[in-house]
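Listed next: structures, encoded as structure tokens.
You will see subunit A twice below: alongside subunit B first, and alongside subunit C after that.
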Partner chain A sequence: MKDQKKIIEILSNYTDVEPDQISLDSNLVADLGFTSLDVLDMVSEFEDEYNIEIQDREIKQMKTVRDIVVYLTENA
Partner chain B sequence: MRDFRIRWLDQSSEVDVRDLAPCFQERVAKYRHPFAKKQSLAAYGLLQEMLKEQEIEIDKITTFPNGKWMINDLYVSMTHTKTGVAVMLSHENDSIDMETIRKIDDPLIRHTLCENEQKFLRESHNKEKAFTICWTFKEAFIKQLFQDENMSYRSIDTTSLFEKGMYVCQRNTIITVLKEVMK
Partner chain C sequence: MQSVFFIDLCDFIPFSVILLEKSVSIRLTRIREGSNICKKYQESDTMKDNQPYPLYQMYEITDLKDLIDRQVKIHPQAPAFQWKSHKDINTKTRTEFQQDIKASINWFKHHNIHHETIAIIASNSYAYLVLFFGIVLSENIAAPIDKEASLEDMHYMLALSDTDKVFYEEEKEWPQGIEAFSVSTLDEMIREGKNDPDTYDAIEIDPETVCAYFFTSGTTGHPKAVMLTHKNLATDINKACKNFVLTGDTVSVLPFHHCFGLITAIFKVFNYGKKTYINTSLRRVQKTLQEQKPQTIFLVPLFVETFHKRIWTEIRKEHPEEKVQKMMQHSEQLLKVGIDVRKKMFKGIQDVFGGNLQYIICGGAFLDNSYIEDFHAWGITILNGYGITECSPVVAVNRNHFIKKGSVGQVLEGVQVRINENDEVCIKSDIVMKGYYGNEEETEKVLQDGWFNTQDIGYLDEDNFLFLNGRKKNLIILSNGENVSPEQIEMNLSKHEEIEEIVVYARNNQLWAAIYPQNQEEKTGKEIDRIIQKYNEDNPMAKRIVHYRLRSTPFEKTPTKKIIRSKAIGEEQ
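After this line comes the complex of A and B, so read on.
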């Protein structure tokens, strides 16, 4: 798996939930309070960080922190 | 009928979940994040008020594959942001979206906006506001779709939709109403 700690660190910039309260099963909207623009903003940061391009249809599949970690592990 | 309302979160009293119709309680229960729950409660509370004022009983709820939904023969469009919530009820497939104007960076612009929209931003005196106008039109357009079309955000050129809608800017928030596009 990609560096989970780093991913959660980036992710925590977009929510008021403390990093130690964020788990792989945290739902981006229901648990972390993300809006669709927050998700895109965060994904753009991952794209820059890992020098990849993530398609919008793939972003729509990212419901939990685990989905992001798995995607970045397989594609970044 | 076309009715929309905005409720600012700092001006609204807390909605008690028990005062909501059971079908709305179920939807609010999905949110565990405190602020997301507060937004959701405010939005469903507002929707319930609007239905009551119009003397509309909920006979039938229709939900489409992408989550879009209708109450009886009325299209429902809901939106929320850090500052407030808005609800639109219409017999036509109209939609509403609101978003707080925020700091944006180039990766987000490149990911989200098409060439025409990026030109609109370059020609604007307020890049953040211009971005938020495009974004709310994009989201409002997506809300009019009946299924997940797998569209990329960049494939939707909102500059061609501006004449079908209107926006207002209040409290650093853009609220966009878009009339049914695909008639």
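After this line comes the complex of A and C, so read on.
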């Protein structure tokens, strides 16, 4: 698995939820209060961080923190 | 987001004497602000803060060709558009823009394409704008369609508008009989069109001609094609430019298939003689703002709310919230006596937007006043406006220096507003559409004796400012400006036999659904989950159902067996 701590640290820039309260099962929209724009900006940040390109259709699959961690583990 | 930091409260007090002098220059700046545009305004300037003052005076265009020609005449070499491709910044002057439009018109003529409906299904780009003008100035009708729409919706809109040709960014299975071209055909158009004899100067525009169809969500389940004429668009550009004056460059972030994103955020800026940087992706919006340092941006509430949330998230990480709230109160109090310390005190927040941002023009959906107040305290003025596609789109907007809290602005010059017996806002003006293409029944419902019924509930005050407080029609307006018809989604999903009844509603600015399943078996629940996931994959992010709940009882219904929506939603909330 990719560095979960680092991923959660990046996610915490978009939410008031404290990093230690963010779990793999946290839903980006329902639990962390992400807007659709947050999701797009977050994706750009991961693209820069891991030097990858994430397609729009793949973004649609990212609903929980686990989805992101799994995606980055497989692709980054 | 970069760190948001402030100077401490005690740091700015010694500056107050210097700033007192500066308050004098604020007024001078305002007069200079209109200098390119409104001589009359300067001569008769009796403006006081937040008091009525004369409309900005501008040359009035007659049609979209006049818009281009006038700008080329007065600012031939001024940059019109900028955008980034790979790492390079491309710039087109007003003259170059006109030349590219001329070439595209020649291409349409050369291929004998006229009196046709041509859809553009693509992301924001310079090519999109050239194509739009090329289409409408060569006696064709442009039909911008959301590139994120599901294929089913795209086919519906193409059939509804009797579209003949499509310019696309992404190849799809287009309906039979439609000729499709890639947006990149523009390069060929420019290459080929340049060699054809110039037909541009001979073009005469009939202002009453329909030149564009913009799609809007219908209340009965399907989108409608709003027919707008040259006169509609020209009038809205002219009149909106009289309420608000733009004195700096902008960055465009709203999608061009929305009337607000194209007519207001692009054409009006062009008419002011200013430059638009075209942000081609919704990713990295903030980075673009920081690089381009716009003076004004046109946004829907979703952006304002997202920026606001992130700013406060960042603030709370570094400062006690109460302290910052106090600083905001103090800066507002100083402002009342003519001392503006906001630029200095909240520099960190200003830098989030590039450091030069003065105005955010916000429309498309309801924006809570608390956002306007916070941004004001940080030194950025949000001017709330009201528009509707059927009115080309702007109906009212707050003015640079005349703003009423809780309003959607002062009604544009020449726009008559009547509040009918049901408190609905009705509009009569040259900005009102010609009707819905191919749908006389729906047209007659909303357009009678020249009066367009917006079905929004509101009232006017003594200064002609419009206040809205509800909606009759059953549309969900999300904060990204997207009008979502719950019935359309319900109809789409209830095609599946597993879903017996469904009600879609908005909660926390997201779509939720309550579903009464065919039966209470586990496998039905799993199938419904799959159906919702598939729906979400096929539709744009803003139209996704974020949550749904399975009910064990059917919804309460009227004697005619219609679900009582208000009751159903009340139960779910």
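Quick notes on this one:
FYI, the second predicted complex is superposed on the first by the 76 of 76 C-alpha atoms of A that agree within 3 Å, B and C clash if a C-alpha of one lies under 4 Å from a C-alpha of the other, contacts with A are read in each partner's own complex, and residues count from 1 in each chain.
Definition applied: contacts are C-beta pairs under 8 Å (C-beta built on N, C-alpha and C of every residue); 3 or more make two chains touch, one makes a residue touch a chain.
Given the structure is predicted, the values throughout are model-derived calculations rather than measurements.
Of the two partner chains, subunit B is the only one that A:Gln55 touches; subunit C does not reach it.
By the touch criterion defined above, A:Asp31 reaches subunit B but does not reach subunit C.
Judged by the touch definition given at the top, the superposed model places A:Val43 against both subunit B and subunit C.
Shared-chain residue A:Asp16: touches subunit B and subunit C both. Across the superposed pair, subunit B and subunit C both touch subunit A at residues 15-16, 29-30, 33, 35-37, 40-41, 43-44, 57, 60. Touching subunit C in their complex are the following residues of subunit A: 13-16, 29-30, 33, 35-41, 43-44, 57, 59-61.
Taken together, the subunit A residues at the contact with subunit B in this complex read 15-17, 27, 29-33, 35-37, 40-41, 43-45, 47-48, 55-57, 60.
Subunit C meets subunit A in the complex at residues 1, 282-287, 302-303, 305-306, 309-310, 312-314, 316, 480, 509-510, 536-537, 541-542, 546-547.
Across the complex, subunit A is touched by residues 30-36, 80-81, 99, 102, 104-105, 107-108, 110-112, 135, 139, 148, 150-154 of subunit B.
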